[in-house]
Each structure stands twice: as structure tokens, then as C-alpha cells.
Amino acid sequence: MFSLAKKDLLSLGVFALIVLAMPFWLSPLGAAYPALMQKLAIFAIFAVGFNILFGLTGYLSFGHAAFLGIGSYTAVWSFKLLTMNVVPAVVFAVVMSGVFALAIGYLSLRRSGIYFSILTLAFAQMSYSLAYSVLTPITNGETGLLLVQGDPRVLDALFAEPRQGLPVPTLLGLDMSGYAGFYFCAAMLVIAFYLSQKIFASPFGLALRGIKSNQTRMNYTGFNTRPYTLAAFVISGMYAGLAGGLLAVTDPLAGAERMQWTASGEVVLMTILGGVGTLVGPVVGAWLIKYLENIFSAFNESILQRFFSFLPDGLDTFVVTVTSKFVGDGWHLTLGLMFVLVVAFLPGGIMEGIHRIVRSFQRRGDREPDGSLKAQPAE
Amino acid sequence: MSVIAMQEDIVAAGTVQAETPFFAVRDIHAYYGESYIVQGVTMDIRQGEILALLGRNGAGKTSTLRAIARTGNPALKSGEIWLRDKPVHTMRDFEAARAGIQLVPEDRRIIQGLSVEENLVLAQVAPGRGWDLDRIYSHFPRLAERRNQEGVTLSGGEQQMLAVARALARDLKLLLLDEPYEGLAPVIVQEIERILYDIKELGITTIIVEQNAVAALRLSDRAVILDTGQVVFTGTAKELLDNPQLRNEYLAI
Amino acid sequence: MKSNNANVVLQVADVHKNFGGLKALSDVNLKVEEGRTHAIIGPNGAGKSTLLNVVIGRLPPSSGAVIFGNTVLTGLAPYKINQLGISRVFQTPEIFADLPILHNVMAPAFARRDGGFRVNMFGRTDRESEIREEAESLLEDVGLYAQRHGHAGSLSRGDKRRLELAMCLIQHPRLLLLDEPTAGMSRHDTNTTIDLLKKIKLRGMTKVIIEHDMHVVFSLADEISVLAQGRIIAHGQPDEIRDDPRVQEAYLGGTQP
Amino acid sequence: QDFCNNPTGDTVTFGFNVPQTGSYAEEGLDQLKGYQLAVKHLNGEGDGGMINTLKPSALKGNGILGKKVAFVTGDTQTKTDAARDSARRMIERDNAIMVTGSVSSGEAIAVQSLCQEMGVIYMSGLTHSNDTTGKDKRRYGFRHYFNAYQSGVAIAPFLAQEYGRDRRAYHLTADYTWGWTQEESIKAATEQLGWETVATVRTPLGIGDFSQYITPVQNSGADVLILNHYGHDMVNSLPQAVQFGLRDRQVNGKDFQIVVPMFSELMAVGAGDAVKGIIGTSNWHWNLPDDGSKAFTKSYGEEYGAPPSQSSHTGYVQALLYADACERAGTFYPPEVIKALEGFEFDGLGNGPTLYRDTDHQCFKEVLVVRGNMSPTSKFDVLDIIGHTSRDEVTYDPAMFGGDLGPYDPNNC
Amino acid sequence: MNVIFAQLLNGLDKGGAYALIALGLTLVFGTLGVVNFAHGALFMLGAFCAVTFRYLITLETVTVDPEKLSPWGAPLEIRTPLAQNWLGDFGAVLIDYSVPISILLAIPVMLVIGVVMERGLIKHFYRRTHAEQILVTFGLAIVLQEIVRSVFGANPIPQPAPQDLRGAADFGVWLGMAPNVLTYPLWRLVYFLFSIGIIGAVFAFLHFTTFGMVVRAGMVDRETVGLIGIDIGRRFTIMFGIAAVVAGLAGVMYTPLLPPNYHLGMDFLVLSFVVVVVGGMGSLPGAVAAGFLLGILQSFASMTGVKAIIPGIDQIIIYLVAVVILLVRPRGLMGRRGVMES
């Protein structure tokens, strides 16, 4: 039941290794600090989950950030009301977002194509607007839901002495804001990835792909497509809830912007950038966008000057002026250009590009003796 | 080959430009992405002739027609196509169509969202009109009845008629028919055959791809057989029918 | 009109279907008996495909009912109708164009085994050896085994048809509906397909087949109904139909190929 | 002592965390300029600006405690999530000893609570909500900027003077926490004058077109419209209200008036002509005649060719105040620095004598009342100062807004 | 009662604006089938055509007086506007009417931008998946936005309406009410009429020529349309150019209502998608109807009385209506079958 094909097992192993080794390989890239690594893991989970819906069934949800937000709010409330232990927080976050996904999915999946996208967008935007304003008693509006000293925390109050200052989320006594938090998120990502591998390789996954490929055939082949898509929607909603819950675990605050359409759009972009329907693609996309957002935006002219100081005088100022347009407050420009270039030259996203390069090397290296192409489905 | 050469000589006596056939395909090679499908097809047709292009499923018949009509998929990598003195191989799809080449595709490709009549009107938007609507409707009364129905809701056979009619609505020089009889009741097959004869009378040249080899050969002057993207036979229809080995191997008749 | 004939698998009772003013089907009655092959022929636009659409739940009849075994199909969702044991080959192939050919054939088998909906997300498609082997042997039968890992979308048209046939056969339907299964197939492949369909018949599968190719019809049919302008104008044994003057006029058009 | 990001080398790093993209980018980027100027001056480069006017001052112009000041920057995108991400990067990766900057209260409060958890001092930028030093105040957070309550108190006498005590006001309020606190404060202040509040209407954030909210104002019987809007909402709603002809109307026998209680000159530029004659409040203005303001305006102008905004002023001042507190404490150890800032009385930073109150970390100083300039001489000259409300008048009881500062103990990140 | 009347008027006006903003998107998205996330950017570029035009005609000669210093320490600049210098009164009129006159600049500029965009980029994406279209157009939108930002800065740049059209019209008096009961900004009325005009012109173009049909057919089956001799690529380019012009003009005329900044486009993007989809894919009348419907409902939902009954309704009304309509009518108000459903 928990088995994987050899190929998948291998990729899971490699994937786990890469994720857990982040602190090492990210450090030359200037990104090896807990906050960012946590984000990388969390948004990878979000994107992997999104890909289960979008990549397999082809239903493009434009409101997935709503579930992320719901997960965060639920987790923070669990911290406020029950306990600072992260386990209940994460469980509640997943369950709650699953419930919302069930309701929203039930309605939205009555339509397909762009109509579906707009329905999900509308639900998410309504959640966002209400969270920002009318629901302030629950969400604390613009400020975001914060922990305060006076929170009841009934379970903690029963078992432990209140400590000085604000408590932090913990697991087995480990403080979740630093490296421990990262490893927790990384472990979650590996599990999430494994589950998505299972789904991709299962008959259930095959049915979802069938829906993407030809709904008519599915119906007349005896599949009841609606519950299949709904199941995929709920599963990916729960992934989003998990990601939202983890955001709150590593940093116990939940803000409404997490639910805005731009946030939903971001996960769409991550998935497409990496490669829709591939297992690893969404992860790569998520990492790239979050890396740019956090690292490129922080470059400023003095950093650039130091960086390019080896160049001869005059040239270095020129190079600094040019590059400064693409970093710091210009990091969006880099992002936009990257989107355009990737789709223009790597149709199918980064993973497809990598596959092509690998394939072209293979062809040059060893030609198949019988001349047959090793046709591989895009997995 | 020798038979063709002889026939060409006979025709040559009557025409000035004997060397340039009406339509010539010279060693074309075409690819779908990386799969090499049309592997050097060569054929000639004289004006007003009907040529049957035969072969098993997957032999590359459709691909050859699509390459001639310049659809871009399969992509023509080398070879030449000449319609009289016009280099079709340098054209794009719409230019080939304006030069008078019309493909009736195997899956008919009636345009969704447009009524029967709009499908026909659309064919007359680009310069080079053929039959007007009245003439089309008089040949295809069935279409006249259904003129306001959405094209794609027509029955299979009706769609086939519409696809042929759409080609006729254009100023035609070379008609490429991909399995025109498929899915048609025998009565309609006869109707279409009649139309093809009419078209032939008008001097329109036709290449017909058909699994129903008997029906196709009944109509054609000459035949070409393809196998895995290569020409394995060229000759008159009669030669083919008289050759039991070819019939058995490629046509199963 | 409750049938007491236990042998009748499919019964079409007084079905009418109108498209706006157009009467696509009028008063159609049909009985198909267990294990037999029932051919429906008729001119283009006669309503043959429409009739199949009514049976599989793609179109609701304007009036009348379709009964399968003891179940009234009218109003049932298409997937339920399929689950009862009816599969259909469409006139324009409906396949999973961007899935591998092997998976095209395996998917319907899962529907047969697991029912309309099951979240078997911990199963493994590649471990379902029973279904895989069956799919492979069927692909062998239809001559697509060699290409089984290729994508279905790049098949030629005749091959797509054969693939679709395999997709239906793997469901072991009680009733198989075939809408022009050999259209676009070479003579050679048509003959193979006829043999394949005969083989299934020996297994007792009931079939309704629409064809314009008389060679196919007369090779396979036990019974023929002729549909013209939405009405059944003749019904009987193949020999009777061949000689029926109405059929000659409405359909075969005098000369016989 | 051991504490978060204890600087070991010969530099000490500040984290400048401002919106550089999104709707508040202009203010954020200007704030950043203020910070960069402050770093220069602290390190003894340039003309020293307000270092020369701050009194009392322990600053020496050789960095802080002998260490040169370095800085890192971050883009908050005006989102709380991004603001916290960026602040955490500064603390965890770049070892920032202090984080500063903000253009909205949401991000200020979020970053402030983060800094409390990490044990890093946060000097907020523009944040006008009462909550920042009220309900959500933190031991590690400090605000130089004024707040909504002070705006209300400051503007009230001028409203009475200009428009009389018999007025009927209609509030349009941005529907989120900052809008609500401002509405509450202004409403209280104006009602105290004797004004009547006809209606308070909440408007969704960032809708762009406010016509459906302005239409009902016409026949409501109100003769003053109070726009509790900020940023783009203000830039859009004010000109739209003017276009509706509200200011050309006579209601109850009086000229209809529009008030924008909280002004910022960059936004006033965005609102264009509509801002002429509109009364509001401001934290600071480059036109002020005191030595500090003059010195700052001069060095900023020489550096960037334009006068500074209150956003850059706030940034500059906050950086200086932190540096000064470190010098006075003689250490970077946050609890000591906090104690140095708490209750600090100073002058010469442009707002007259100022107190950093210990009970809530709010600065108390004069508040400016400004009016849209009727005949600007340059595109920077959009606001006129029409009055100063004294520090005593805008001082309030800290208990009023509740909250709890929390402990001094440093968390080791 | 007056309030209701005023809100109805306001709703109509808003609806006209929504319809116009969505119109350009319908042409590209509903007709060409490209999910164009750069639509908002085109709207924004239009608005900046107005800004540029005004900037050009208010160009000043700057002389520096080195003797005096400005209060912030820079040398004092003395500015004299050129247009007024050279053209006298006409120059003043030109400056006053800069917004409507900049339409003359916007039409060619937007056409060129549209054509270049289509030829250079979008052209290669008709046959790609919607996902890839989203990515590329979104990327493009960001790039355009950043370019505008680096040229014009991040702050909004107000564009005044002409003096004569600046105030409010006493609409009530025209309808026989007492003065000052129902007034409405003149420029909004102008915008409304302008919307109606543009919408009418686009309708006429697509309705009375076969152009619309050809493009629709080309979207459904590009190959077949090519095979019957139509150069569909060129028509798509023209269509995209028209859409860019329409989007741009909507942007130009909107500037007096909303001081434009580089971010303007993103704010309208979601709204225009909602309008187009609620109207129904591929339907121009649908988009217009949806624009009006949403505008009017939004106006009414913002009334204090309504908000008192359902708190927060004005924040979500657009989305709520979108949900209800899409659930009740599978293809929006007037959607065509088969357009972008898979």
C-alpha cells in the first residue's frame, strides 16, 4: 500500500536529500536562513498540492490561496485557544481547509474551464474581503491574527506554567521558529511529495488524468467524474491548508493578504513555471519565485557596488546602474522577464526544459539500437 | 513507370508545355516533430485527372495530403511541390488555398459555433470564390434544409457533404479528398461520386485517399500506393486492379 | 409493454426524439436479444447515432423509454448506464489523447472493477498486473501492442478506432454499441476487426452495430433494422433486408458495391 | 551579555524594511532615502544634518560605539507576510541589530511583534493607527510618528475656527483597522466641538472608484465630508469627491467642506488640484523654520535634488534616535537601549521638544495642521502649515488604548 | 427616492465604464481565446499615453538661477512652459484639453504596441495551453509595469479634466427637479457617452463585417480556416491591435477619474475578467450586459440601508453576483457553447 515504483522511490530519496540538505546548498546562494527555508518548504507543499488538482484534472483554480489563509487562521486559533503544540494546529488547519474546499469545490465544480476558474476566484476574493473587514473579530483584519498574552490556551494552562512573554509554537519542546521549524516543514514536504507520487501512480490518479484528457470518454466509461474532481479539489485544498498551517507554525500570525487573488495567482505561476503535471516542477517553480522575492528584492546598490568592485572604474558604475534595474525594487522586472523567457523557450516549464536537454544528451550519447524512441509519458 | 511515360507522350502531343505536369510532387519529406512520416513521395498529375492515393492505415496518406496543403503539421523538411509553375512548397497554408488547393480533411473539420451557411460563407471570405451558395444548395439539398443548424450537429454524412461543399465554394484547381466516403451510406456515396465526375468535367484535378479502394479506383485514372511513407506503386487504376499481388498485399481485395 | 422475454437485453420502447422542429427519432421500437448482433443501417442523418445517444444517456428521449435487462435507463446518468454493462464506440473516436495507449485501455478496466467512484490513491497502476495483462492482450488483438507506450493522440485515425474498441472490450460489457467501428479502416484491418468481433460473439456478447459498410454488416449481423428519417422502416434477417425494395431505394441506392 | 545579533566585527547592521513595490512604493522609497542619509551622517560623512541639531546628543559621527553603520534593505510589498519575511531575513541572515521602516500600520504591527519575539528593536516608520502603541504595543517597538488620536485632537480647533461649531459631518472610512481608529478619534474630537455626525460609511479598501459612496453624500444633509482614507484610497476619493461638485455646494446655508484628517505630501501630489484648500494633519513638513528641519532639508536636498517628505524624515529621525540611545546606553544590549529610549526627552529633530514616553513608546510632540496650498510655486510645495497643536494638547492617558508592552528580556533570535 | 435615482444613474455610469474596460479583454480573451493577463497593463499604458501627452505639451524651458537656492538647497529653477510660449491661447486650450486630445496620440501608439506585442509574443501562444498564456502575459504585464514605473515613478500622476468638464452637472434640473438635488460629475457623463460610442463602434465593426465571424472561426479551428485561404494570423493581429486600442482609450479617458500609476492595470485586471466571464465567453453583448449589471448592483449594494441589512455586502457584491450567475447560467449571461470550456 505504501510502496513505490523503483524509479519513484529513487526520486523520492533524492528529493528528500535535496530538501533536508537545503541549509548546505542554499548557503552559497545567500538563502540559508531558517525563515526563507521554511517558506521554500511550505510553498513547495502548496504548489505540489495545487498541481494535484491542476496538473492532473486540468481544473485551474484561481482561488487556492483562500485555503492557505483558512489553514493559517485555524492554526493560530488553535494556538490561541488550545495549545502551542503544533500537532493539533496542523491537524485542525488541514481539516478546516478540507471542509471549506468541500463546500467551495462542490459549488465551483458544477462548471468547468474558465467558468470554474472565475468561480473559485470569486469565492477566494469574498473570503479575502470579508476577512479584511467584516470578519475582523475572527481575523483581526489588516493587522492579522496575532498571539497575545491574554489568550486562554486552555490545554497549556492545564499542564504547564505560563512563561514570561509570548509563547512560541513548539513540538516536543522544540521551538518552531528556527531550524527546528525548518526541519519540521521539510519533513512535511517530503511526506506531501510522497503522497503526491502515490496519487500520480495510482488508478485514482489515472482517472484524474482521464478527466483532463477527455471528460466525455470518462463519463461513458463508467466513471462518475464529479466526485473524482471534487476529491482532487479537496485533497489539494488540504495541501493548501497544511501549507497555511505551517506558515502559522513557523510564524504565528495570519494575515488576510494570504487570501488575495495575487496569492492564488502566485501558486498558479509557480506550478506553470516549474511544469504543470510534473511531480517536481511545482517545487522548482515555488523555490525559484520565493528565492527571487526574498533575495533579489534585498539587493541594493551598495551591495552591487561591492559585488562589481573588481571591474575597472567607470565600467563598474555602468554595470551597477544596469543591474540595479533588475534587483532591489526592480526585482519584479526580473520575475516578469523570467516568466516570459521560460514559457517562450521552455514550453511546458522548467522541468520540460530539463527533460529536453537530458534527452538531447542521451540521443547524442547512445542511440537506441532499434531506432525506437523511448516514449515516456510526461511524468 | 513506362506506362505513365507513354501516356505523357500522348498528352504532350496536344499541349505545348509537356514537361511541366499540372501538379507535381517531388521527393517530399515531412515530419511530425521528430517522427519521420513522409519519406520521399513523388507523384505527377495531369489536369482533370483523378488520382487515387491508397495504402494501409498509418501508411502516411493523410500526412502526404496535409503536407501538400501546407498545414505545417507535418512539417515539410525537403522536396518540392509545383502547381503548374507555382512553387507550393514555399507557400503557407492560406497561400496554397488561394492558389487553388483545397483539402477536405478526414475528420471533416466543420467549424464549431458556426451554422451550415456560415461555414460556407466563411469559405468565400478569402479571394478566389468558387460555386455560389445557390449552386451548392441545389447540389446538396440536404444542406439547404439544414442551413441554419449548427454545423457540428449534423449527422456524420451530412458533415461530409458540408466539407465537400465548402471546398467547392472556393475557386478550385486541385481537390484533395481524404476518405470522402467514410461513414456515408451507399446512396450518398453514389451522390458524391456523381459530384466528383461533375468536378472532373469542369477540369478540376483531384487526389482521393480512400480505404474503399474499389470505389476509389472505379473513379480514378491512376493510382499511387503508399507504404510507410514511401511510394510502392504508381500506375493506372487498371494496372493495379489487374495485379493480384498488389491488391492482396496493400488493398486486401 | 413489459417484456416477459428473459432473453431480451435491450429494449427500446416508443422512443421519440425531437431537435426543435426536427423529428430525429419517431416511434422507435427495438428489441435486442442476448448474444445476438443487431445491425442498424440507414441513410445519413437517419437518426442512428441519435438512437445510441439516447441509449447511453447522452441525450434524453423526448418520450418513450429504454430498458436494459430489467432496468429502465431513461434518466440515469451516463456513468451509471455504463456501470450496468453498456459500452460504446463513438463515431468520432473518443479516447484519452494525451495518455499512453496502454493506460487508455487500463482506465476503463478500473471503472469496471472499482465502480463509478473510488479514491484508491494508494493503489499502483503498474502493480495491477491482472488488468495490465488483459489490456496488453487486447492491444495485441487489435494490433496496437507495439505502440502501447506511445501517446494515443498521435495514432492514425484507423488506429484510434481500434484503440477505442479495445477500451470498450476490456469492460466486458453485456451490451456493446458500435457506431461505425470500421469507418476509415483499411480493408485489411476491417477484416481483422470483423474477425475480432466474431470472436467476441462466440463469448456471447450482445452487440448493436451501425455500419455503412455492407460487407461488415452482412458478415456480422444476425438481425438488421433499417432506420430512415427517424423511423424503423424495415426489420428482419439479413437476407430479407437485402431484398427489401424499400431498403434498396432508401439506402442501398439500386446498384450494390 | 549574549543577545540576538550582538555585533562582533567593526560594523553594525541596520535593516531598512520598507515597501519598494506595490501601492506604497513611493513613500517607501523616499523613506529609504532618509535612512541612507542617516547612515551617512552617523558614519561622519556629509554635512551631518540633524546630528548637529539633536539635543541632547551622544552621537559622535563615527558610527555607533565605534562601529561603522552598515545596512540591508528589504521590500515589504506593503504586505504583512512579505514584511515579516523580509524582517526575518534581516535578522536571521544579515544579523541586523535593529529593524526599521513601514508605511502602513498593518506591516508595522506585524513586524513589531516579530521583533519582540526575536529580541530585536524595531523603530517603526509611517504608522498612524492608535493600535501600534496601544493595543498592539511591544517592548521592542518604538514609534516617532503621530497617531490617529493626535490627529483628531490637533485638527479639531482648526476645524472649529475655519468651519464653525455647527456642522454636520459625513465620514467615509477605509474599512480596516486603521480607518476605524481614525474615524473613532476624529468623530470623538469633532463631536466634542459640537459637530453632529450624520453618517459613518465604510468603504472597501482599494476599490478605485468611490462614486457609489460619494453619491449619497449629496442629499444626506451633511455639510462636511471627512475622508478617513489613506494612500491610494485618498488619492482617488478626494478628487472624485471634488468632481462631484461637493465643494461648490451650499448646504444648510454653509459652504460644503472636505476634510482629510491625515495627509502625506506624496499623496497630496497624487491627488493634484483637488487638494487645494483641504485641511489635514501632518507629522512634519520640510517648510518648518526650526534649525533641525532646515538642516535636514538642506542635506536631503543636496543629496537628492528634492525636498524630503515626512516619510523620509521619520526614517531619518528613527535611525538617529536609535543610534543615540545605543551611545547613551554604551551598549547594543537591547534591554539597555530600550531603557535609554524610554522616557527620553530631546529637541532639535524638527518637531520641537519631544518625549519618547516610557509607558507606550509613543513620541509626544507638536502636531502640524496643514492645508493644501492654493498657489503652489513648485510641485513640492503642495501643503501650507496653518497651525501647530502643542504637545500638551495631544498628550493622552496611555491606559486609553490598553495593550501590554511585555518583557525586556532579550530572546536570542 | 432621490438617492435611489442617483445610485441608478451612478450604476449606469459605472456599468458603462466596466463594460468599456472589459471590452478590450473580450476581444482578446473571449474572441481570440488568449487568457490575456496583460490587459490591465494595456489599460495602464493607455492612461500613461495621456500622461505623456500632457507631459509633452507642458514641457518647460528650465533655466537655473545659480544665485538663489531653493529651500532644500538646490539651485533655483525658473520654468516657462513651451506650448504657451509658442502657441499662445491655443496652447492653453491644448493643455486644458490634454486628456481628450491625447486620444489622438493613444490610438497610433496603442495600435503599434498591440501589433508588436501580438507579432512578437502572443502570436506564438495561440496554440499553447491557457496556463502558458497566463504565465507569458502575466510576465509581460509585469515587465510593462516596471518599465512605466522606472520612467514615471510609483506615485499617481493626476490628470485634470478640461476646465469646462470639471464640475458637476445638475442632472436633476434637466429632469425637472429642484436644483442641487441630483448632480453628477460632467466628466463621468462624458465617460459614459464615450463608452457607449466605443462599444457601438466595435459592435458595428464586428457585426456588419464578416471579420468577427472569421476570427471566431479561426479561434475554434485555426488550421481549417487557413485551409480555406484565410490569412488568420493577420486578422488575429488586427484584432489584437483593436483590443489594445480599446483598452488604451478606456485608460486615457479614465485618468481624470483615477490618477494613474503604474499599478493601475492590476487593480482592474480581476474586475475585467469577472465581467467578461459573467457576460459569457465569446459574447460581446454579454460583456456589456454584465458590465452594466455589476455596476448597478454595486451601486445599490453600497447604500447605507442595504449595508445595514447585510454587513459587508458592498465588498463582495461583484463576486457574489458572479457566483450566482455562473451557477444559475452555465455559460454566464450570453456565453457561446464550447468557447474555452475545456
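By written order: A, B, C, D and E. Residues from 1 in each chain.
The definition used in the following text is that a contact is a pair of C-beta atoms (placed from the backbone, for glycine too) under 8 Å apart; a residue touches a chain by one contact, two chains touch by 3 or more.
None of these values were measured; they are calculated from a predicted model.
Asker: For chain B and chain C, what is the smallest step count along a path of chains that touch one another?
Answerer: Minimum step count, chain B to chain C: 1.
Asker: Give the fewest steps needed to get from chain C to chain E, where each step moves from one chain to a chain it touches.
Answerer: So the least number of steps between the two chains is 2.
Asker: Farthest chain from chain E, going by the mean of C-alpha atoms per chain?
Answerer: Most distant chain from chain E: C.
Asker: Which chain lies the greatest distance away from chain A when centres are computed from Cα atoms alone?
Answerer: Farthest from chain A by mean C-alpha position: B.
Asker: How many Å are there between the centre of chain B and the centre of chain D, using C-alpha atoms for each centre?
Answerer: Roughly 77 Å separates the two chain centres.
Asker: Using mean C-alpha positions as chain centres, tell me how far chain A is from chain D in Å, no decimals.
Answerer: Computed from C-alpha means, the inter-chain centre distance equals 35 Å.
Asker: For chain A and chain B, what's the span in angstrom between their mean Cα positions?
Answerer: 52
Asker: Listing for chain D: what residues touch at least two other chains?
Answerer: Those would be 21, 25, 29, 175, 202, 204.
Asker: Pull out every residue in chain B that's touching 2 or more other chains.
Answerer: Expected reply: 35.
Asker: Could you tell me which residues belong to chain E and also touch two or more other chains?
Answerer: Touching at least two other chains: 315.
Asker: Dump the list of chain pairs that touch, please.
Answerer: Every touching chain pair, ordered by label, is A-C, A-D, A-E, B-C, B-E, D-E.
Asker: Please give the residue numbers of chain E that touch chain D in the complex, ascending.
Answerer: 2-3, 6-7, 9-11, 13-14, 17, 70-74, 149, 153-161, 166-168, 180-185, 187-188, 256-259, 261, 263, 267-268, 298-299, 302-304, 307, 314-315
Asker: Contact residues on chain E for chain A in the complex?
Answerer: Going by the criterion above, the answer is residues 35, 121, 124-125, 128-132, 134-136, 138-143, 145-147, 150, 266, 270, 273-274, 277-278, 281, 311-312, 315-316, 319-320, 322-323, 326-327, 330-332, 335, 340-342.
Asker: Show which residues of chain A lie in contact with chain E when the two form their complex.
Answerer: Interface residues on chain A, with respect to chain E: 54, 58, 60, 107, 110-115, 118-119, 121-123, 125-126, 129-130, 132-134, 215, 261-262, 265, 268-269, 271-273, 276, 325, 330, 332-333, 335-340, 342-344, 347.
Asker: Applying the document's contact rule, which stretches of chain B touch chain E when the two form their complex?
Answerer: So the residues of chain B touching chain E come out as 69, 71-73, 92-94, 97-98, 102-103, 105, 109, 111-114, 118, 121-123, 125-128, 166, 170.
Asker: Can you name the residues of chain B that touch chain C in the complex?
Answerer: 32, 35, 55-58, 62, 106-107, 142, 153-158, 160-161, 179, 182-190, 211-215, 251-253
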